Every structure is written in structure tokens, then in C-alpha cells.
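In what follows, structures are represented as C-alpha cells.
Next come two complexes, and both contain chain A; in the first it sits with chain B, in the second with chain C.
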Partner chain A sequence: MNMKKATQLALGIVTAVGGFFDAGNLATSAQAGASFRFQLVWSLLLGTLLVIFLVEMSGRFAAVTRKALPDAIREHFGFTAWLVPFLVLTLVHFLVLASEIGGICFALHLVTGLPPAVWALPVAVLTWLFLWRSTFGTIENSTSLLGLLTLAFVVAAVRHHPPTGELLAGMLPSLPHHDPAKYWFIAVSILGSVIAPYLFYFYSSGAVEDEWDPSYVNVNRGIAFVGMGFGSLIALGAIVVAAVVLAPRGIEVNDYHQAAMMLTDAFPFWGFVLFAAAMAIACLGAGIEVALAMAYTTAQTFGWNWGEDLDPREDARFCMVYTAAILVSSLLILFGIDPLKLTLVTMAINAAVLPFVAIPFLLIMNDRKLLKEHANGWISNSVAAFLLVLALVLAVVSIPLVIMGGS
Partner chain B sequence: MRNFFSLQSSAARGCGAILVFAAVLAACQHKSPEQELLDKADAVGSWIATLQMAGEKWLANSVPTSFVKSTCKEAGRDLDQAAGEAAKSQARPEVRDPLRQLISQAQAAGASLRRAAAANDRPGAAREAGRLSALGRQLEVWKQGLGPP
Partner chain C sequence: MKTMDLVRDVLDKQVVDRDETKMGRVDGLLLEIRPGQPPRIEAIDMGFVVLARRIHPRLEAWLERLRRRFGVSSIRKTARYRVPWSAVKDVNPFCVQLDVAALDTPAFDWERWLRDHVVAHVPGVDS
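Then we have the complex of A and B:
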């Protein structure tokens, strides 16, 4: 492996670690740890395993074909067939973007004391400005390096010396001792937050922006396995901290205020500010990725010019999509929708729409004309088949669980 | 291509099935008034513990005054809602009334904690944190009196 690829691998791993954690991971992990201690760790591990394979597949596809996923799916199945999944995913991405903007606004509320709604428009402008002025490389590297601040959750978890036996037991699925509807709702929401559809579209489009070719297949594999694996450690850290700090006090996370003191036992002076900073940066990074994923998907669906490295004059419609998406999403927060409730429901919907992502994705990954020797092998296909079954089950149970356990 | 369309129409049929499933589940989710009150008590207990922690962390200089104020405000809003629901509950009065009293005391303690933090009254905040701790214990006793969850 030459120096350039080694650097890209290292940067990619940092990006994956820093980019893994967002409002959805924070909300679901805090709720899981506070309400069920370590009992839902299995859900995070399962989600991580699946997302590793899916990210690897989307990167492999982009490296081999030099096409992003939505672009290829539209070409392969036709515009009409892709239109329904595209519209459903756009709606979900819009809610995810609103959740991320809500997360940044709440973090600013923690630091300033001003209501989150006050921050909605300034945050929207800041996010837009960052996208408008930056290149793909700047966005990728700055947000991911800053995102490493979220490792504070891992450090805090280690400082608390969690009970190893209970933690290991949580890695195996088990039935809840109380509140089964809430347990399954959080389990589904964790899966929805980890297997976020925007991730694959962003990752494959990013690989095209970075001009990957088939020689990057191994770099991609390293990023997917190591980066995503370490990224999930942050979410695990948040579960552990919530389990050790909030659960014994009887605090359940039904409002972000109840999660905000999570780090103050491990870091009495800096914990509160660290939480706010980690939340703001994680949500900003994810918000930018979601807005870009929406613009990539829309531009590729309609065959427009696209690319974060292009001058806005060269891809005006691409820029218009993320501008409109950010503005409209911020209105949800401006109108006072609770950011945590929005995030939790959105994560469950993420899980519900998984078949729309999984089915065309997995069909195309088996196209040997397109991918030749890089088409899915039996391991990837076994995981894919499992994912497909899981996606269908999640699609059936997630909405009823929102009604029963998401209140 | 045809496979993809047939998958999509299956997905549409699936969506219909999900809605029916959701409606049936929602209809089947019948709980006794006491059970509903117990569920509400969990949220009340969580807010009491949150307020207590916020007070203690403020005394330890781990959180700013603005956070204590906004947490007390949010808690007050949820406790008001819980109080309203408890008042309308069909549960037996001997079960319902002690909870209503606890919620009302928690509302008062939250408001006092907010005032104490705003006035930088540290002994007052410590007193309210202690009061919230006692309320948390009383709530546990009330829940145990209702039997296993």
C-alpha cells in the first residue's frame, strides 16, 4: 500500500469513528443505558456488524464502478422504479436532518441558556455556510477530527469501571424484566440509528468525490471494519455511562436535559461542557453529511451535476437541494418540536424504511456484469440475506412500537 | 425490473399490513387505571431524580445556573401534565391521592430549587435537593404498595 492510500485509510478511519456518532446514537444509547442498563448492548453490536458490511459494500461498489449508489440504482432499475424509494428516503432524511439540527440547538441551549428554538435559524445558516464555502475534503476532515471529542464517552465509561459480567451478558439478546414495549422500541431505534440509510449514500458519493478506483477496495474494507467498529465504541461508551450514572438514580431519558449531566460524574468540572460540545460537533458533522446525502441522492436521481468540490455555479441545483433541506428542517425546531422525541421517532422510522434501502442495494451488489469479481461473495450475501429478513421484520414492528413504546 | 416492481407492490401491501397491525396493537393495549398511574409515576420519579441531581451538581459547580433553571422549567411542565392526568385518573382514590400529593410536592420543590439557584442561595438549593431525595423515596414506597410492576 502506498503512502497516499495509507493516509486515506487513516483519514477514512478517523472519519468513520468521528462520523459514526450523531443525535440518534446519543439519544438511543442514553435512553437504553438509563432504562435497561446494559441489556440492549446486543442491539448496538448487531447494528454495528450490519453497518460494517453495508458500508463496505457501498464503498466497494463506488470504487469498482466509479458510480454512487443512487446513480447506479436509477440506471439499473429505471427512474420510475427508483422514484418511490427515493421519495420515502428523502422524507426520512429530512427528519434525520431536523433531528441533527435539533441536537446542535439543544447543545447551544445548554451552554447559553437560550431556548433551542432561538438557535434554529442561526444553526441552519452556519450549517449551510459550512457546506457552501467548503470542499469535500475540508468537510470530511474537520468534522471527523472534531468528532473525536465524542471519545469523551469512552473515557468516561472506562473511568466508571462498569461491571464486566453484566456488560458481557448484555451482548447477548435477552427478554426485558419490565416495560417490554419500551425495550423493543429502543432496540429498534438503536438499529435505526446505527444502520442509517444516509450513511451509505453519503459514503458511496464521497468515494466518487475522492476518485476511488478498484485499487481502493482494501482501503475501503479497512475503513468500514476498523472505523465503524471503533465508532460503535463511542455509542457503547454512552450506554455504559448512562447505565452507571443515570440508571442507579432512577433517571430515564425522556428529555435531553436528563442526559446532559451524564459526564459530570467522570469529569466533575468539564463534564457538562464536554457533553454539550460533543453533542454539538457530532450533530453538526452528521447534519452536514445528511444534507449532502440528500443533495447527492436528488442530483443523481434526476441526472444533475453534482459534487461538493464544484463551484456552486456549476451545480446550482445540487446546492439548492441542501439549502432548501437545511432551511425546511430547521423550521421544525423553530416551531418548537422537541428534539429528543423527534430523534427517537425518526430512528424508529429509519428502521422501518430499511427495506427500501436494502432491497435495491443488495440486488445491485450481486450484479456480476457491473461488479465482476467484486460482486458479493457468500459471506456478504449471508449477511445481506440476514439484513433483508431483519429489515422486513423491523418494517413491520417499528411503527407499532412507536405507538406503544415511543411515548 | 419486473422483480423490482413486484417487490415494491409487496412493500406497499406490507405497509397496509403494518397499519392494520398497529391499529390492532393500539386497541389491545388496555391497561387498568392503577397500571396507567404506575406508568405515570415512573416518569414523575425520573423527573424528581433529575431535579435532585441537577441541584447536587449545581452545588458542586458542575452545571451552570441556566441549566438548573431550564431543567426545573421542563420538569415543571411534565409534572403539571402528570398532575392533570393523575387528577383525571379512574384509579381508586386511596391509590391516586397520595401520588397527586407527591407530584404537587415535587412541583413545589422544583420551583423552589429554581428560585434558589437563580438567587445563588446554596443552603436553599441543598435543602431542596434533600427534599427531592425524600420525595423520591416516598414515591418508591408508594409504588411498592401497588405491588410488583
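Then we have the complex of A and C:
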């Protein structure tokens, strides 16, 4: 492996971690740990396994065909077939973006005391400015390096010495002892937050931006496995901290305020600020990826010029998509929607729409005319088949669970 | 005989201009029906109304009415951009290349308008 590949591998892993841990992971992990201690760890592990495969597939597809997913899916299945997944994807991206902006606003609220709604427009402008001014490379580097701050959850988890037996027991699914509707709602929300469609739709366009070719297939495998695995470790850290700090005190996370105390035991002086900083950075990094995922998907669907490295004058329509997306989704926060509730419901919707966004993707991974020897093998397809069954179940149960279990 | 599958290999494919600037997709294909002879590809159709028609003809009529109603026609003169097949330079696995300059075509009407009326007014964009 040459130097450039090694750098790409390292950078890709850090970026994957930066993009992985977001408002959705923080909210669902905090709720899971506070209400059910380690009992829902299995849901995080299952989601991580599936997202590793999905991200690996989308990167492999981009490296081999040099086409991003929306581009290839429209070309392959035609506009009318792609239209419904495209609209569904745009809607969930919009809600996820609002959740990330809400997360940043809440972090600023924690530090300043001003209501989150006050921060909605300044945060929207900051996020937009970041996208408008930067190239793809700067975005990768800066958000990912700052994203390492979220490792505070892992450090805190280790400092708390969690009970190993109980933690290991949580890795296997078990039935809840209380509040079954809430248990299953959080289980589904965790899956939705981990298998977030923006992760693999962003990743495939990013690989095209970085001009990957078939020689990147192995680099891609490393990034998907280590990056997603490491990202999930941060979410695991958050579950452990919530279980050790919040659960014994009977604190349930119905509001981000309760989650904000998570780090104060492990870091007595800095815990509160550290939580706010980690939350703001995680949400900013993910928000940028979601906004870009929206712009990539729309531009590719209609064949517009696109690329984060181009001057906005060369791809005005592409830039207008993320500009409008950021502005409109920040309005949800401006109008006072509770960021945590929005995030939890959005994660369940993420899970519900999985069949729409995953089916065309998994079908195209088997096209030997496009992918030749790099088409999915039996291992990837077994995981894909399992994912499809799970996605169909999630599509049916998610929305009823939001109504029954979502607070 | 070399053949090409129109639906699989041409329809919905990325369209680029002679400098490889992405300028849209093959939203529709038109065949010329000639008496006593096999049909021949006449043109590539591009534009939102072409896409609307693929969903439902009524949606196409509705979009056309909306355009007139809101005076969008001052930005984009024609709702569809029809390129004769003779302008097609190359069809490859990645794209359909046209022998035109994207910026001078109706496919770039919106792009041009947004660049001149929105992007140019954002502080920090040097003109």
C-alpha cells in the first residue's frame, strides 16, 4: 500500500467516525442507557454490523464504477422507479438535518442559557458558511479531527468501570422487564440512528469526489469496518455512561437537559462543557454530511453539475440545494420544536423508510455488468437479505411504536 | 451489427457537453417514424416537463400551466430542451456527450440565472 492510500485510509476512518456519531446516536444511546441500562446494546451491535456492510458496498460501488449511488440508480432503474425513493430520502434527510441543527442549538443553549430557538438562524448560517467556503478536503479534515472530541464518552465509560457481565449480557437480545413499548421504540430508533441513509449516500459521492478507482476496494473495506466500528464504540460509550450515571439515579432522558449530566461524574469540572462541545461538534459534522448528501442526491438525480470542490458559480443549483435545505430545516428549530423529540421520531422514521432506500441499492450491487468481479458475493448478499427482512419488519412496526412508545 | 439498447444504455443517462460539464440527463428519447422505413432516433429530450410526462400526462400539463402563471418563462424560455441526435458526439458507459457548450443551451437557463442573480450577490464571491 502506498503513502497516498495509507493517508486515505487513516483519513477515511477518522471521517467515518466523525460522520457516524450524531444527534441520533447521542439521543438514542442516552435514552437506552438511562431507561434500560445495558439491555439494548444488541440493537447497536446489530445496526453496526449492517451499516458496515452497507457503507462497504456503497464505497466499493463508487470505486469500481466511479459513479455515486443516486447517479447509478436513476440510470439503471429509470426516473419513475427512482422518484419515490428519492422523495423519501429527501424527506428523511431534511428531518435528520433539522435534528443535527437542533443538537447544535441545544449545545449552545447549555453553555449560554439562551433558548435553542434563538440559535437556530446563527447555527444555520454557520453551517452554510462552512459548506459554501470549503472544499471537500477541508470538510473531511476539520470536522473529523474535531469529531475526536466525542471520544470523551469512551474515556468516561472506561473510567466508570462498567459491570462486564451485565454489559456482555446486553449484547444478546432479551425481552424487557418493564415498559415494553418504550423498549422496542428505543431499539428501533437505535437501528434507525445507526443505519442512517445519509451515511452511505454521502459516502459514495465522497468516494467519487476523492476520485477513487478499483484499486481502492481494500482501502474502502478498511474504512467501512474500522470507521463504522469505531463510531459505534462512541455510541456504546454513551450507552454505558448513561447506564452508570443516569439509570441509578432514576433519571430518564425525556429532554436533552437530563442527558447533559452524563459526563459530570467522570470529568467533575469539565464534564458539562465537554458534553456541550462534543454534542455541538458531532452534530455539526453530521449536519454538514447530511446537507451535502441532499445536494449530491438532488444534483445527480437531475444530472446537474455537482462537486464540493467546484466554485459555487460553477454549480449554483447544487449549492442552492444545501442552502435551502439548511435554511428550511433550521425553521423547525426556530419555531420551537423540541430537538430531542424531533431526533427520536426522525430516527424511527429512518428505520421505517429503510426498504425504500436500501432495496434499489442492494439490487444494483448485484449488477455484474456494472461491477464485474466486484459484485456482491454470498456473504454480502446474505447480510443484504437479512437487512431486507429486518427493513420490512421495521417499516411495519416503526410508526406504531412512535405512537405507543415515543414520549 | 453493433446495437445499442436505448432504454438500458441511453435513457436516463448523464448528459455532458463538449467540455464534460454535466448538463442534465436523457429525460426522453424521440423516434422519427418514417413511412416504409424503420424508425430512427430523432432527438434527446431534456427538462422537468419531460420528466413530469413520464409520471402522468396531467402532471405535465399542470407544470406547463404553473410556468405560465408564475412567469418562469422569463428565466427559462422553453420547458424542454430538444437536442437532435446529430449533436451526440459519444455514448459511453459514463455519459452521453453532446457537441454543444452547456452554458449556451436552455439546459443551463436555471444554472445561469441562479449564478447571476443569487450566487453573485453572496458576500465573499468575487465577480
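Convention: the second predicted complex is superposed on the first by the 407 of 407 C-alpha atoms of A that agree within 3 Å, B and C clash if a C-alpha of one lies under 4 Å from a C-alpha of the other, contacts with A are read in each partner's own complex, and residues count from 1 in each chain.
Methods note: a contact is a pair of C-beta atoms (placed from the backbone, for glycine too) under 8 Å apart; a residue touches a chain by one contact, two chains touch by 3 or more.
Computed from a predicted structure; not experimentally measured.
Participant: Determine, for the superposed arrangement built on chain A, whether chain B and chain C clash or fit.
Facilitator: Verdict on chain A: chain B and chain C fit.
Participant: Could you give the angle made at the Cα centre of chain A by the lines to the Cα centres of chain B and chain C, to the nearest 10°?
Facilitator: 130
Participant: So in the superposed three-chain picture, is A:L87 touching just chain B, just chain C, both, or none of them (first/second/both/neither)?
Facilitator: In the superposition, A:L87 contacts neither chain B nor chain C.
Participant: Looking at A:V158, would you say it contacts chain B, chain C, both, or neither? Reply first, second, both or neither.
Facilitator: In the superposition, A:V158 contacts neither chain B nor chain C.
Participant: In the overlay, answer first, second, both or neither for which of chain B and chain C A:V389 touches.
Facilitator: Neither partner.
Participant: Under the stated touch criterion, which partner chain does A:G113 make contact with: chain B (first), chain C (second), both, or neither?
Facilitator: In the superposition, A:G113 touches chain B alone.
Participant: Quick one: classify A:A6 as touching chain B (first), chain C (second), both or neither.
Facilitator: A:A6: touches no partner chain.
Participant: More residues of chain A are touched by which partner: chain B or chain C?
Facilitator: Of the two chains, more chain A residues are contacted by B.
Participant: Once chain A of both complexes is superposed, is A:G78 in touch with chain B (first), chain C (second), both, or neither?
Facilitator: Both: A:G78 reaches chain B and chain C.
Participant: Just checking: does A:L172 make contact with chain B only, chain C only, both, or neither of them? Give me first, second, both or neither.
Facilitator: In the superposition, A:L172 touches no partner, neither chain B nor chain C.
Participant: Go through the superposed model and pick first if A:V328 touches only chain B, second if only chain C, both, or neither.
Facilitator: A:V328 sits against neither chain B nor chain C.
Participant: After the two structures are laid over each other on chain A, how near do the C-alpha atoms of chain B and chain C get, in Å?
Facilitator: After superposing on chain A, chain B and chain C come no closer than 10 Å at C-alpha.
Participant: Just to be sure I follow: which residues of chain A are touched by chain B in one complex and then by chain C in the other one?
Facilitator: Residues 78, which sit in both footprints.
Participant: Show me the residue ranges of chain A that touch chain B in the complex, using the header's touch definition.
Facilitator: Contact set of chain A toward chain B: 77-78, 81, 84-85, 109-110, 112-113, 178, 181, 249-252, 254-255, 257-258, 260-261, 264, 268-269, 271-272, 352, 355-356, 359-360, 363, 392, 395-396, 399-400, 403-404.
Participant: Write out the stretch or stretches of chain C touching chain A in their complex.
Facilitator: Going through chain C, the ones touching chain A are 7, 11-15, 21-25, 27, 51, 54-55, 94, 110-111, 114-115, 118-120, 122, 124-125.
Participant: Using the touch definition up top, name the residues of chain A that touch chain C in the complex.
Facilitator: 66-67, 71, 74-75, 78-80, 83, 132-133, 302-306, 312-313, 315-317, 319-320
Participant: Spell out the part of chain B that touches chain A in their complex, as residue ranges.
Facilitator: Where chain B meets chain A, its residues are 1, 3-5, 7-8, 11, 14, 17-19, 21-22, 25-26, 29, 42-43, 45-46, 49-50, 52-54, 57, 60-64, 66-67, 69-71, 74-75, 78, 136, 149.
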